[in-house]
(Lines give C-alpha, C1' and ligand atoms only; values in the text may rest on other atoms or scores of the structure.)
Protein backbone atom coordinates (compact mmCIF):
# COMPACT_ATOMS: atom_id res chain seq x y z
CA UNK A 1 0.00 0.00 0.00
CA UNK A 2 1.08 3.56 -0.56
CA UNK A 3 1.89 4.64 2.98
CA UNK A 4 5.05 4.28 5.04
CA UNK A 5 5.53 1.09 6.99
CA UNK A 6 5.23 1.54 10.75
CA UNK A 7 8.24 0.76 12.95
CA UNK A 8 7.42 -1.09 16.13
CA UNK A 9 9.07 -0.94 19.53
CA UNK A 10 8.69 -4.16 21.54
CA UNK A 11 7.57 -3.70 25.16
CA UNK A 12 9.49 -6.78 26.26
CA UNK A 13 13.18 -7.22 25.44
CA UNK A 14 12.83 -10.97 25.61
CA UNK A 15 10.09 -11.03 22.94
CA UNK A 16 11.91 -13.33 20.52
CA UNK A 17 12.82 -15.94 23.12
CA UNK A 18 9.28 -15.81 24.51
CA UNK A 19 7.71 -16.31 21.07
CA UNK A 20 10.10 -19.15 20.23
CA UNK A 21 9.33 -20.93 23.50
CA UNK A 22 5.59 -20.71 22.82
CA UNK A 23 5.96 -21.91 19.22
CA UNK A 24 8.00 -24.91 20.38
CA UNK A 25 5.08 -25.96 22.60
CA UNK A 26 2.67 -26.11 19.66
CA UNK A 27 2.65 -29.79 18.80
CA UNK A 28 0.47 -29.07 15.77
CA UNK A 29 3.38 -27.05 14.30
CA UNK A 30 5.70 -29.97 14.94
CA UNK A 31 3.22 -32.34 13.30
CA UNK A 32 3.24 -30.38 10.03
CA UNK A 33 7.00 -29.59 10.44
CA UNK A 34 6.61 -25.82 10.34
CA UNK A 35 9.65 -23.72 11.27
CA UNK A 36 9.75 -20.33 12.97
CA UNK A 37 12.22 -18.65 10.62
CA UNK A 38 12.12 -14.94 11.53
CA UNK A 39 11.00 -13.17 14.72
CA UNK A 40 11.25 -9.37 14.50
CA UNK A 41 9.19 -6.68 16.29
CA UNK A 42 5.75 -6.86 14.68
CA UNK A 43 6.91 -9.34 12.03
CA UNK A 44 7.19 -13.14 11.99
CA UNK A 45 7.97 -15.64 9.25
CA UNK A 46 7.03 -19.31 9.28
CA UNK A 47 8.50 -21.70 6.70
CA UNK A 48 6.92 -25.00 5.78
CA UNK A 49 8.66 -27.60 3.61
CA UNK A 50 6.47 -29.68 1.31
CA UNK A 51 5.65 -33.22 2.30
CA UNK A 52 2.92 -35.49 0.97
CA UNK A 53 1.32 -35.89 4.43
CA UNK A 54 0.01 -32.30 4.36
CA UNK A 55 -1.53 -32.35 0.88
CA UNK A 56 -5.11 -32.23 -0.37
CA UNK A 57 -6.68 -34.32 -3.12
CA UNK A 58 -4.73 -32.67 -5.97
CA UNK A 59 -1.32 -33.07 -4.36
CA UNK A 60 -0.90 -29.41 -3.34
CA UNK A 61 -0.45 -28.37 0.28
CA UNK A 62 -3.88 -28.31 1.98
CA UNK A 63 -5.60 -24.92 2.23
CA UNK A 64 -6.24 -25.60 5.88
CA UNK A 65 -2.51 -26.00 6.45
CA UNK A 66 -1.92 -22.73 4.58
CA UNK A 67 -4.41 -21.14 6.98
CA UNK A 68 -2.62 -22.67 9.99
CA UNK A 69 0.74 -21.09 9.18
CA UNK A 70 -0.83 -17.77 8.16
CA UNK A 71 -2.76 -17.64 11.44
CA UNK A 72 0.35 -18.55 13.45
CA UNK A 73 2.68 -16.13 11.66
CA UNK A 74 0.34 -13.18 12.18
CA UNK A 75 -0.57 -14.21 15.73
CA UNK A 76 3.08 -14.45 16.74
CA UNK A 77 3.78 -11.12 15.01
CA UNK A 78 1.24 -9.66 17.45
CA UNK A 79 2.86 -11.57 20.31
CA UNK A 80 6.22 -9.87 19.70
CA UNK A 81 4.60 -6.56 20.72
CA UNK A 82 2.72 -7.63 23.87
CA UNK A 83 4.21 -7.31 27.37
CA UNK A 84 6.03 -10.25 28.96
CA UNK A 85 3.09 -11.08 31.23
CA UNK A 86 0.49 -11.29 28.44
CA UNK A 87 -0.59 -14.13 26.20
CA UNK A 88 -2.43 -13.76 22.90
CA UNK A 89 -5.33 -15.55 21.27
CA UNK A 90 -6.84 -15.40 17.81
CA UNK A 91 -10.25 -13.72 17.84
CA UNK A 92 -10.83 -14.26 14.13
CA UNK A 93 -9.22 -14.23 10.73
CA UNK A 94 -10.25 -14.06 7.10
CA UNK A 95 -8.20 -15.88 4.51
CA UNK A 96 -8.32 -15.60 0.73
CA UNK A 97 -6.70 -18.46 -1.18
CA UNK A 98 -5.28 -17.01 -4.41
CA UNK A 99 -3.41 -19.88 -6.03
CA UNK A 100 -2.65 -23.56 -5.34
CA UNK A 101 0.04 -23.99 -2.67
CA UNK A 102 2.36 -25.63 -5.16
CA UNK A 103 6.01 -25.51 -4.15
CA UNK A 104 8.92 -27.11 -2.37
CA UNK A 105 8.13 -24.88 0.56
CA UNK A 106 5.71 -22.23 1.78
CA UNK A 107 6.69 -18.93 3.40
CA UNK A 108 4.10 -17.25 5.64
CA UNK A 109 4.79 -13.61 6.55
CA UNK A 110 2.76 -12.12 9.37
CA UNK A 111 2.85 -8.47 10.34
CA UNK A 112 1.07 -6.13 12.71
CA UNK A 113 -1.04 -3.37 11.17
CA UNK A 114 -2.25 -1.81 14.41
CA UNK A 115 -1.03 -2.75 17.89
CA UNK A 116 -3.78 -1.80 20.35
CA UNK A 117 -3.55 -2.62 24.04
CA UNK A 118 -6.39 -5.17 23.99
CA UNK A 119 -6.75 -5.89 20.27
CA UNK A 120 -4.00 -6.13 17.67
CA UNK A 121 -4.89 -6.10 13.98
CA UNK A 122 -2.54 -8.06 11.74
CA UNK A 123 -2.21 -9.46 8.26
CA UNK A 124 -0.35 -12.28 6.58
CA UNK A 125 0.76 -13.33 3.14
CA UNK A 126 1.70 -16.87 2.18
CA UNK A 127 3.98 -17.62 -0.77
CA UNK A 128 4.61 -20.92 -2.48
CA UNK A 129 8.24 -21.19 -3.54
CA UNK A 130 9.00 -23.49 -6.49
CA UNK A 131 12.40 -23.48 -8.20
CA UNK A 132 12.95 -20.13 -6.38
CA UNK A 133 9.85 -18.64 -8.07
CA UNK A 134 7.60 -17.00 -5.46
CA UNK A 135 3.83 -17.14 -5.97
CA UNK A 136 1.49 -15.34 -3.60
CA UNK A 137 -1.00 -18.05 -2.67
CA UNK A 138 -2.91 -16.58 0.28
CA UNK A 139 -3.64 -13.31 2.07
CA UNK A 140 -5.14 -13.01 5.52
CA UNK A 141 -6.53 -10.27 7.78
CA UNK A 142 -6.75 -11.08 11.47
CA UNK A 143 -7.78 -9.83 14.93
CA UNK A 144 -5.70 -10.86 17.95
CA UNK A 145 -6.57 -10.31 21.61
CA UNK A 146 -3.95 -9.74 24.29
CA UNK A 147 -4.73 -11.35 27.63
CA UNK A 148 -2.85 -9.23 30.17
CA UNK A 149 -1.60 -10.92 33.30
CA UNK A 150 -2.02 -14.32 31.64
CA UNK A 151 1.54 -15.35 30.90
CA UNK A 152 2.04 -18.10 28.33
CA UNK A 153 2.57 -21.48 29.95
CA UNK A 154 6.17 -22.18 29.04
CA UNK A 155 8.04 -25.24 30.31
CA UNK B 1 -31.84 -17.58 12.42
CA UNK B 2 -35.57 -17.04 12.11
CA UNK B 3 -36.25 -18.29 8.61
CA UNK B 4 -36.95 -21.77 7.32
CA UNK B 5 -34.02 -23.96 6.45
CA UNK B 6 -33.64 -24.58 2.70
CA UNK B 7 -33.88 -28.14 1.39
CA UNK B 8 -31.33 -29.01 -1.25
CA UNK B 9 -31.63 -31.32 -4.22
CA UNK B 10 -28.28 -32.81 -5.30
CA UNK B 11 -27.55 -32.64 -9.06
CA UNK B 12 -25.50 -35.84 -8.92
CA UNK B 13 -26.92 -39.01 -7.38
CA UNK B 14 -23.43 -40.22 -6.58
CA UNK B 15 -22.62 -37.10 -4.51
CA UNK B 16 -21.83 -38.94 -1.28
CA UNK B 17 -19.49 -41.46 -2.86
CA UNK B 18 -17.79 -38.68 -4.82
CA UNK B 19 -17.24 -36.56 -1.70
CA UNK B 20 -15.95 -39.53 0.28
CA UNK B 21 -13.48 -40.46 -2.45
CA UNK B 22 -12.14 -36.90 -2.53
CA UNK B 23 -11.86 -36.72 1.27
CA UNK B 24 -9.93 -39.98 1.33
CA UNK B 25 -7.33 -38.43 -0.98
CA UNK B 26 -6.63 -35.56 1.44
CA UNK B 27 -3.54 -36.77 3.26
CA UNK B 28 -3.74 -33.74 5.55
CA UNK B 29 -7.04 -35.10 6.89
CA UNK B 30 -5.40 -38.47 7.49
CA UNK B 31 -2.50 -36.76 9.27
CA UNK B 32 -4.81 -35.10 11.82
CA UNK B 33 -7.11 -38.21 11.87
CA UNK B 34 -10.26 -36.37 10.85
CA UNK B 35 -13.30 -38.48 9.92
CA UNK B 36 -16.02 -37.71 7.41
CA UNK B 37 -19.01 -38.58 9.59
CA UNK B 38 -22.07 -37.29 7.70
CA UNK B 39 -22.57 -36.49 4.01
CA UNK B 40 -26.05 -35.16 3.21
CA UNK B 41 -27.19 -32.80 0.43
CA UNK B 42 -25.79 -29.39 1.41
CA UNK B 43 -24.58 -30.64 4.78
CA UNK B 44 -21.38 -32.37 5.92
CA UNK B 45 -19.99 -33.28 9.33
CA UNK B 46 -16.34 -33.91 10.15
CA UNK B 47 -15.35 -35.41 13.50
CA UNK B 48 -11.89 -35.07 15.00
CA UNK B 49 -10.78 -37.03 18.08
CA UNK B 50 -8.38 -35.27 20.44
CA UNK B 51 -4.73 -36.21 20.32
CA UNK B 52 -1.75 -34.34 21.74
CA UNK B 53 -0.07 -34.04 18.31
CA UNK B 54 -2.65 -31.46 17.16
CA UNK B 55 -2.52 -29.17 20.20
CA UNK B 56 -1.27 -25.63 20.71
CA UNK B 57 0.81 -24.32 23.63
CA UNK B 58 -2.02 -24.62 26.21
CA UNK B 59 -2.91 -28.21 25.39
CA UNK B 60 -6.13 -27.43 23.48
CA UNK B 61 -6.62 -28.40 19.85
CA UNK B 62 -4.86 -25.83 17.65
CA UNK B 63 -7.02 -23.06 16.18
CA UNK B 64 -5.50 -23.77 12.79
CA UNK B 65 -6.71 -27.37 13.01
CA UNK B 66 -10.17 -26.09 13.99
CA UNK B 67 -10.04 -23.93 10.85
CA UNK B 68 -8.98 -26.93 8.73
CA UNK B 69 -11.99 -29.04 9.64
CA UNK B 70 -14.41 -26.09 9.44
CA UNK B 71 -13.08 -25.24 5.95
CA UNK B 72 -13.33 -28.87 4.85
CA UNK B 73 -16.80 -29.50 6.28
CA UNK B 74 -18.27 -26.43 4.56
CA UNK B 75 -16.33 -27.00 1.34
CA UNK B 76 -17.57 -30.58 1.07
CA UNK B 77 -21.11 -29.42 1.92
CA UNK B 78 -20.83 -27.29 -1.23
CA UNK B 79 -19.37 -30.23 -3.13
CA UNK B 80 -22.46 -32.36 -2.43
CA UNK B 81 -24.47 -29.93 -4.59
CA UNK B 82 -22.16 -29.54 -7.59
CA UNK B 83 -22.50 -31.70 -10.74
CA UNK B 84 -20.46 -34.89 -11.11
CA UNK B 85 -18.04 -33.25 -13.54
CA UNK B 86 -17.17 -30.30 -11.30
CA UNK B 87 -14.57 -29.83 -8.60
CA UNK B 88 -14.65 -27.16 -5.89
CA UNK B 89 -12.08 -24.86 -4.38
CA UNK B 90 -12.13 -22.54 -1.39
CA UNK B 91 -12.08 -18.89 -2.48
CA UNK B 92 -12.00 -17.56 1.07
CA UNK B 93 -13.32 -18.04 4.58
CA UNK B 94 -13.65 -16.08 7.77
CA UNK B 95 -13.41 -17.87 11.08
CA UNK B 96 -14.26 -16.62 14.57
CA UNK B 97 -12.80 -18.63 17.43
CA UNK B 98 -15.27 -18.43 20.33
CA UNK B 99 -13.86 -20.75 22.99
CA UNK B 100 -10.84 -23.05 23.48
CA UNK B 101 -11.20 -26.31 21.53
CA UNK B 102 -11.24 -28.30 24.75
CA UNK B 103 -12.78 -31.73 24.38
CA UNK B 104 -12.39 -35.42 23.64
CA UNK B 105 -13.46 -34.64 20.11
CA UNK B 106 -14.50 -31.82 17.79
CA UNK B 107 -17.55 -31.84 15.55
CA UNK B 108 -17.50 -29.52 12.53
CA UNK B 109 -20.83 -28.96 10.77
CA UNK B 110 -20.75 -27.36 7.35
CA UNK B 111 -23.84 -26.29 5.44
CA UNK B 112 -24.68 -24.45 2.24
CA UNK B 113 -26.42 -21.09 2.58
CA UNK B 114 -26.69 -20.31 -1.12
CA UNK B 115 -25.80 -22.71 -3.95
CA UNK B 116 -24.98 -20.60 -7.00
CA UNK B 117 -23.73 -22.14 -10.22
CA UNK B 118 -20.23 -20.62 -9.97
CA UNK B 119 -20.09 -19.56 -6.32
CA UNK B 120 -21.56 -21.36 -3.31
CA UNK B 121 -21.82 -19.56 0.02
CA UNK B 122 -21.55 -21.77 3.09
CA UNK B 123 -21.08 -21.66 6.81
CA UNK B 124 -19.71 -23.93 9.49
CA UNK B 125 -19.88 -24.37 13.23
CA UNK B 126 -17.35 -26.32 15.29
CA UNK B 127 -18.24 -27.79 18.66
CA UNK B 128 -15.89 -29.16 21.30
CA UNK B 129 -17.47 -32.18 23.01
CA UNK B 130 -16.29 -32.93 26.56
CA UNK B 131 -18.13 -35.44 28.77
CA UNK B 132 -20.98 -35.13 26.22
CA UNK B 133 -21.20 -31.35 26.88
CA UNK B 134 -21.19 -29.44 23.57
CA UNK B 135 -19.47 -26.06 23.43
CA UNK B 136 -19.60 -23.94 20.27
CA UNK B 137 -15.95 -23.08 19.71
CA UNK B 138 -15.87 -21.63 16.19
CA UNK B 139 -18.12 -20.20 13.48
CA UNK B 140 -17.10 -19.71 9.86
CA UNK B 141 -18.51 -18.04 6.74
CA UNK B 142 -17.06 -19.19 3.42
CA UNK B 143 -17.09 -18.73 -0.36
CA UNK B 144 -16.60 -21.80 -2.57
CA UNK B 145 -16.05 -21.81 -6.34
CA UNK B 146 -17.27 -24.64 -8.57
CA UNK B 147 -14.91 -25.50 -11.43
CA UNK B 148 -17.18 -27.01 -14.08
CA UNK B 149 -15.70 -29.65 -16.35
CA UNK B 150 -12.81 -30.16 -13.92
CA UNK B 151 -13.64 -33.47 -12.31
CA UNK B 152 -11.91 -34.27 -9.04
CA UNK B 153 -8.93 -36.53 -9.55
CA UNK B 154 -10.13 -39.71 -7.90
CA UNK B 155 -8.19 -42.97 -8.00
CA UNK C 1 -27.92 -24.52 12.06
CA UNK C 2 -28.78 -27.72 13.87
CA UNK C 3 -28.38 -26.69 17.49
CA UNK C 4 -30.82 -25.04 19.86
CA UNK C 5 -31.03 -21.28 19.83
CA UNK C 6 -29.61 -19.66 22.97
CA UNK C 7 -31.90 -17.54 25.15
CA UNK C 8 -30.35 -14.35 26.40
CA UNK C 9 -30.90 -12.51 29.65
CA UNK C 10 -30.24 -8.75 29.40
CA UNK C 11 -28.04 -7.27 32.16
CA UNK C 12 -29.82 -3.92 31.93
CA UNK C 13 -33.61 -3.69 32.13
CA UNK C 14 -33.57 -0.48 30.14
CA UNK C 15 -31.76 -2.11 27.20
CA UNK C 16 -34.42 -1.33 24.59
CA UNK C 17 -34.73 2.33 25.50
CA UNK C 18 -30.94 2.65 25.61
CA UNK C 19 -30.52 1.07 22.16
CA UNK C 20 -33.30 3.21 20.67
CA UNK C 21 -31.76 6.42 22.06
CA UNK C 22 -28.38 5.53 20.55
CA UNK C 23 -29.91 4.64 17.17
CA UNK C 24 -31.77 7.95 17.07
CA UNK C 25 -28.43 9.77 17.39
CA UNK C 26 -27.02 8.09 14.26
CA UNK C 27 -27.60 10.70 11.61
CA UNK C 28 -26.37 8.27 8.95
CA UNK C 29 -29.36 6.04 9.74
CA UNK C 30 -31.67 9.04 9.35
CA UNK C 31 -30.00 9.91 6.05
CA UNK C 32 -30.81 6.51 4.54
CA UNK C 33 -34.20 6.40 6.40
CA UNK C 34 -33.51 3.15 8.25
CA UNK C 35 -35.94 2.18 11.02
CA UNK C 36 -35.22 0.27 14.22
CA UNK C 37 -38.11 -2.19 14.00
CA UNK C 38 -37.42 -4.82 16.69
CA UNK C 39 -35.24 -4.68 19.82
CA UNK C 40 -35.20 -7.95 21.79
CA UNK C 41 -32.48 -9.42 24.04
CA UNK C 42 -29.71 -10.46 21.66
CA UNK C 43 -31.79 -9.72 18.56
CA UNK C 44 -32.42 -6.52 16.56
CA UNK C 45 -34.19 -5.83 13.27
CA UNK C 46 -33.63 -2.83 11.05
CA UNK C 47 -36.00 -2.09 8.15
CA UNK C 48 -35.08 0.04 5.18
CA UNK C 49 -37.62 1.18 2.58
CA UNK C 50 -36.40 1.49 -1.00
CA UNK C 51 -35.64 4.92 -2.37
CA UNK C 52 -33.65 5.86 -5.46
CA UNK C 53 -31.13 7.92 -3.44
CA UNK C 54 -29.59 4.77 -1.93
CA UNK C 55 -29.15 2.79 -5.17
CA UNK C 56 -26.11 1.69 -7.14
CA UNK C 57 -25.61 1.81 -10.92
CA UNK C 58 -28.18 -0.92 -11.68
CA UNK C 59 -30.98 0.57 -9.62
CA UNK C 60 -30.73 -1.89 -6.71
CA UNK C 61 -29.99 -0.78 -3.16
CA UNK C 62 -26.23 -0.21 -2.81
CA UNK C 63 -24.21 -3.06 -1.30
CA UNK C 64 -22.59 -0.55 1.03
CA UNK C 65 -26.00 0.40 2.37
CA UNK C 66 -26.81 -3.30 2.84
CA UNK C 67 -23.59 -3.54 4.84
CA UNK C 68 -24.55 -0.48 6.94
CA UNK C 69 -27.83 -1.95 8.14
CA UNK C 70 -26.35 -5.44 8.66
CA UNK C 71 -23.53 -3.93 10.74
CA UNK C 72 -25.98 -1.81 12.76
CA UNK C 73 -28.52 -4.59 13.36
CA UNK C 74 -25.87 -6.98 14.67
CA UNK C 75 -24.04 -4.28 16.63
CA UNK C 76 -27.23 -3.22 18.38
CA UNK C 77 -28.12 -6.87 19.02
CA UNK C 78 -24.84 -7.01 20.99
CA UNK C 79 -25.69 -3.72 22.68
CA UNK C 80 -28.92 -5.18 24.12
CA UNK C 81 -26.77 -7.53 26.22
CA UNK C 82 -24.14 -5.11 27.57
CA UNK C 83 -24.51 -3.37 30.94
CA UNK C 84 -26.06 0.12 31.16
CA UNK C 85 -22.66 1.77 31.62
CA UNK C 86 -21.03 0.21 28.54
CA UNK C 87 -20.91 1.29 24.92
CA UNK C 88 -20.10 -0.96 21.97
CA UNK C 89 -17.98 -0.60 18.87
CA UNK C 90 -17.56 -2.72 15.77
CA UNK C 91 -14.15 -4.41 15.70
CA UNK C 92 -14.75 -6.03 12.30
CA UNK C 93 -17.28 -7.74 10.12
CA UNK C 94 -17.37 -9.94 7.04
CA UNK C 95 -20.25 -9.62 4.62
CA UNK C 96 -21.23 -11.91 1.75
CA UNK C 97 -23.59 -10.42 -0.81
CA UNK C 98 -25.76 -13.25 -2.15
CA UNK C 99 -28.30 -11.55 -4.43
CA UNK C 100 -29.13 -8.03 -5.64
CA UNK C 101 -30.95 -5.99 -2.98
CA UNK C 102 -34.04 -5.76 -5.15
CA UNK C 103 -37.19 -4.98 -3.19
CA UNK C 104 -39.59 -2.43 -1.78
CA UNK C 105 -37.75 -2.79 1.50
CA UNK C 106 -34.85 -4.55 3.18
CA UNK C 107 -35.02 -6.35 6.51
CA UNK C 108 -31.74 -6.78 8.43
CA UNK C 109 -31.79 -9.27 11.31
CA UNK C 110 -28.89 -9.17 13.74
CA UNK C 111 -28.36 -11.71 16.51
CA UNK C 112 -25.74 -12.53 19.09
CA UNK C 113 -23.95 -15.87 18.74
CA UNK C 114 -21.70 -15.53 21.79
CA UNK C 115 -21.92 -12.75 24.38
CA UNK C 116 -18.50 -12.45 26.01
CA UNK C 117 -17.70 -9.75 28.54
CA UNK C 118 -15.24 -7.91 26.29
CA UNK C 119 -16.05 -9.36 22.86
CA UNK C 120 -19.47 -10.32 21.50
CA UNK C 121 -19.71 -12.40 18.33
CA UNK C 122 -22.79 -11.77 16.21
CA UNK C 123 -24.24 -12.45 12.82
CA UNK C 124 -26.78 -10.82 10.54
CA UNK C 125 -28.95 -11.71 7.57
CA UNK C 126 -30.44 -9.18 5.18
CA UNK C 127 -33.55 -9.97 3.14
CA UNK C 128 -34.95 -8.05 0.18
CA UNK C 129 -38.75 -8.09 0.27
CA UNK C 130 -40.56 -7.68 -3.06
CA UNK C 131 -44.30 -8.32 -3.39
CA UNK C 132 -43.97 -10.08 0.02
CA UNK C 133 -41.39 -12.51 -1.44
CA UNK C 134 -38.34 -12.68 0.84
CA UNK C 135 -34.90 -13.18 -0.76
CA UNK C 136 -31.80 -13.61 1.40
CA UNK C 137 -29.41 -11.05 -0.08
CA UNK C 138 -26.58 -10.85 2.48
CA UNK C 139 -25.07 -12.69 5.44
CA UNK C 140 -22.59 -11.20 7.87
CA UNK C 141 -20.35 -12.41 10.71
CA UNK C 142 -19.13 -9.75 13.14
CA UNK C 143 -17.01 -9.02 16.21
CA UNK C 144 -18.20 -6.34 18.66
CA UNK C 145 -16.22 -4.90 21.58
CA UNK C 146 -17.89 -3.72 24.78
CA UNK C 147 -16.30 -0.62 26.32
CA UNK C 148 -17.15 -0.89 30.01
CA UNK C 149 -17.57 2.36 31.96
CA UNK C 150 -17.97 4.27 28.69
CA UNK C 151 -21.68 5.03 28.59
CA UNK C 152 -23.17 5.99 25.24
CA UNK C 153 -23.47 9.74 24.87
CA UNK C 154 -27.22 10.15 24.85
CA UNK C 155 -28.92 13.56 24.82
CA UNK D 1 4.46 -6.05 2.93
CA UNK D 2 7.93 -7.06 1.87
CA UNK D 3 7.40 -7.94 -1.77
CA UNK D 4 7.39 -5.77 -4.87
CA UNK D 5 4.14 -4.13 -5.89
CA UNK D 6 2.63 -5.58 -9.04
CA UNK D 7 2.16 -3.35 -12.09
CA UNK D 8 -1.13 -3.82 -13.88
CA UNK D 9 -1.94 -3.51 -17.56
CA UNK D 10 -5.58 -2.55 -18.22
CA UNK D 11 -7.36 -4.66 -20.86
CA UNK D 12 -9.56 -1.72 -21.87
CA UNK D 13 -8.05 1.65 -22.79
CA UNK D 14 -11.24 3.40 -21.77
CA UNK D 15 -11.12 1.99 -18.23
CA UNK D 16 -11.07 5.34 -16.42
CA UNK D 17 -13.99 6.80 -18.35
CA UNK D 18 -15.94 3.56 -17.89
CA UNK D 19 -15.35 3.51 -14.13
CA UNK D 20 -16.25 7.20 -13.79
CA UNK D 21 -19.51 6.72 -15.71
CA UNK D 22 -20.48 3.81 -13.44
CA UNK D 23 -19.60 5.73 -10.27
CA UNK D 24 -21.71 8.70 -11.41
CA UNK D 25 -24.73 6.38 -11.63
CA UNK D 26 -24.43 5.34 -7.97
CA UNK D 27 -26.93 7.59 -6.26
CA UNK D 28 -25.81 6.29 -2.87
CA UNK D 29 -22.37 7.83 -3.55
CA UNK D 30 -24.06 11.14 -4.40
CA UNK D 31 -26.13 10.92 -1.22
CA UNK D 32 -23.04 10.73 1.01
CA UNK D 33 -21.12 13.14 -1.31
CA UNK D 34 -18.25 10.77 -2.05
CA UNK D 35 -15.83 11.76 -4.82
CA UNK D 36 -13.92 9.51 -7.21
CA UNK D 37 -10.52 11.15 -6.83
CA UNK D 38 -8.04 8.79 -8.54
CA UNK D 39 -8.59 6.07 -11.17
CA UNK D 40 -5.38 4.21 -12.11
CA UNK D 41 -4.93 0.63 -13.36
CA UNK D 42 -5.66 -1.56 -10.35
CA UNK D 43 -5.92 1.42 -8.00
CA UNK D 44 -8.78 3.76 -7.09
CA UNK D 45 -9.17 6.50 -4.48
CA UNK D 46 -12.45 7.79 -3.09
CA UNK D 47 -12.54 10.95 -0.97
CA UNK D 48 -15.34 11.78 1.43
CA UNK D 49 -15.68 15.18 3.13
CA UNK D 50 -17.10 15.19 6.65
CA UNK D 51 -20.71 16.24 7.13
CA UNK D 52 -22.95 15.70 10.15
CA UNK D 53 -25.53 13.74 8.10
CA UNK D 54 -23.17 10.74 7.81
CA UNK D 55 -22.19 10.47 11.49
CA UNK D 56 -22.91 7.89 14.18
CA UNK D 57 -23.91 8.56 17.80
CA UNK D 58 -20.49 9.96 18.83
CA UNK D 59 -20.21 12.44 15.99
CA UNK D 60 -17.64 10.46 13.95
CA UNK D 61 -18.32 9.28 10.42
CA UNK D 62 -20.43 6.10 10.59
CA UNK D 63 -18.56 2.79 10.28
CA UNK D 64 -21.08 1.70 7.68
CA UNK D 65 -20.17 4.71 5.57
CA UNK D 66 -16.48 3.85 5.99
CA UNK D 67 -17.35 0.37 4.72
CA UNK D 68 -19.25 1.83 1.74
CA UNK D 69 -16.30 3.82 0.44
CA UNK D 70 -13.80 1.02 1.15
CA UNK D 71 -16.02 -1.45 -0.75
CA UNK D 72 -16.44 0.98 -3.65
CA UNK D 73 -12.78 1.96 -3.89
CA UNK D 74 -11.61 -1.66 -4.03
CA UNK D 75 -14.46 -2.75 -6.30
CA UNK D 76 -13.69 -0.01 -8.81
CA UNK D 77 -9.97 -0.85 -8.56
CA UNK D 78 -10.96 -4.30 -9.82
CA UNK D 79 -13.19 -2.73 -12.46
CA UNK D 80 -10.22 -0.86 -13.99
CA UNK D 81 -8.73 -4.24 -14.97
CA UNK D 82 -11.80 -5.97 -16.44
CA UNK D 83 -12.59 -5.91 -20.18
CA UNK D 84 -14.94 -3.25 -21.61
CA UNK D 85 -17.81 -5.72 -21.89
CA UNK D 86 -17.70 -6.91 -18.28
CA UNK D 87 -19.32 -5.59 -15.14
CA UNK D 88 -18.21 -6.37 -11.58
CA UNK D 89 -19.99 -7.24 -8.38
CA UNK D 90 -18.85 -7.60 -4.79
CA UNK D 91 -18.89 -11.23 -3.66
CA UNK D 92 -17.81 -10.40 -0.12
CA UNK D 93 -15.54 -8.24 1.98
CA UNK D 94 -14.11 -8.19 5.47
CA UNK D 95 -13.53 -4.87 7.18
CA UNK D 96 -11.57 -4.11 10.34
CA UNK D 97 -12.29 -0.75 11.95
CA UNK D 98 -9.06 0.43 13.61
CA UNK D 99 -9.84 3.93 14.87
CA UNK D 100 -12.76 6.37 14.91
CA UNK D 101 -13.30 8.03 11.51
CA UNK D 102 -12.49 11.43 12.97
CA UNK D 103 -11.45 13.98 10.36
CA UNK D 104 -12.39 16.69 7.91
CA UNK D 105 -12.32 14.05 5.22
CA UNK D 106 -11.76 10.35 4.62
CA UNK D 107 -9.52 8.87 1.92
CA UNK D 108 -10.28 5.30 0.81
CA UNK D 109 -7.56 3.58 -1.25
CA UNK D 110 -8.51 0.41 -3.07
CA UNK D 111 -6.04 -1.81 -4.91
CA UNK D 112 -6.02 -5.14 -6.67
CA UNK D 113 -3.94 -7.92 -5.12
CA UNK D 114 -4.72 -10.61 -7.69
CA UNK D 115 -6.63 -10.05 -10.95
CA UNK D 116 -8.12 -13.39 -11.98
CA UNK D 117 -10.40 -13.73 -14.97
CA UNK D 118 -13.52 -14.55 -12.92
CA UNK D 119 -12.48 -13.45 -9.43
CA UNK D 120 -10.35 -10.46 -8.47
CA UNK D 121 -8.96 -10.18 -4.94
CA UNK D 122 -8.51 -6.66 -3.65
CA UNK D 123 -7.84 -4.72 -0.50
CA UNK D 124 -8.55 -1.23 0.78
CA UNK D 125 -7.33 1.15 3.44
CA UNK D 126 -9.30 4.11 4.75
CA UNK D 127 -7.59 7.10 6.35
CA UNK D 128 -9.17 9.89 8.41
CA UNK D 129 -7.42 13.19 7.64
CA UNK D 130 -7.55 15.85 10.39
CA UNK D 131 -5.37 18.99 10.21
CA UNK D 132 -3.39 17.06 7.54
CA UNK D 133 -2.65 14.25 10.01
CA UNK D 134 -3.48 10.87 8.45
CA UNK D 135 -4.84 8.11 10.68
CA UNK D 136 -5.45 4.62 9.32
CA UNK D 137 -9.02 3.91 10.42
CA UNK D 138 -10.01 0.81 8.44
CA UNK D 139 -8.54 -2.06 6.41
CA UNK D 140 -10.54 -4.32 4.12
CA UNK D 141 -9.97 -7.54 2.15
CA UNK D 142 -12.43 -8.23 -0.65
CA UNK D 143 -13.48 -10.67 -3.40
CA UNK D 144 -14.89 -9.25 -6.66
CA UNK D 145 -16.53 -11.22 -9.47
CA UNK D 146 -16.29 -10.17 -13.11
CA UNK D 147 -19.44 -10.79 -15.14
CA UNK D 148 -18.20 -11.15 -18.70
CA UNK D 149 -20.53 -10.04 -21.49
CA UNK D 150 -22.60 -8.05 -18.98
CA UNK D 151 -21.63 -4.47 -19.76
CA UNK D 152 -22.38 -1.88 -17.09
CA UNK D 153 -25.59 -0.01 -17.82
CA UNK D 154 -24.29 3.46 -18.58
CA UNK D 155 -26.54 6.30 -19.78
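Couple of notes before you dig in:
Per-chain numbering from 1; labels A, B, C and D assigned in written order.
Going forward, a contact is a pair of C-beta atoms (placed from the backbone, for glycine too) under 8 Å apart; a residue touches a chain by one contact, two chains touch by 3 or more.
All figures in this text were calculated on a predicted structure; none of them were measured in a lab.
Looking at A-C and B-C side by side, the one with more C-beta contacts is B-C. Chain centres here are C-alpha means, and the one lying farthest from subunit B is D. Interface subunit A/subunit D: over half of the residue numbers present appear on both copies, so the contact uses mostly the same residues. Between the CA-based centres of subunit C and subunit D the separation comes to 23 Å, rounded to the whole angstrom. Inter-chain centre distance (subunit B to subunit C, centres taken as mean C-alpha positions): 28 Å. With centres set at the average Cα position, the gap from subunit A to subunit C is 32 Å. Within subunit C, the positions touching two or more other chains are listed as 91-92, 94, 96, 143. Against subunit A, in their complex, subunit C makes its touches with residues 91-92, 94, 118-119, 143, 145. Contact residues on subunit D toward subunit A in their complex (touch as defined above): 1-3, 94, 96, 98-99, 109, 111, 113-114, 121, 123, 125, 127, 134, 136, 139-141, 143. The touching residues of subunit A, when paired with subunit B in their complex, are 22-23, 25-32, 52-58, 61-65, 67-69, 71-72, 89-97, 152-154.
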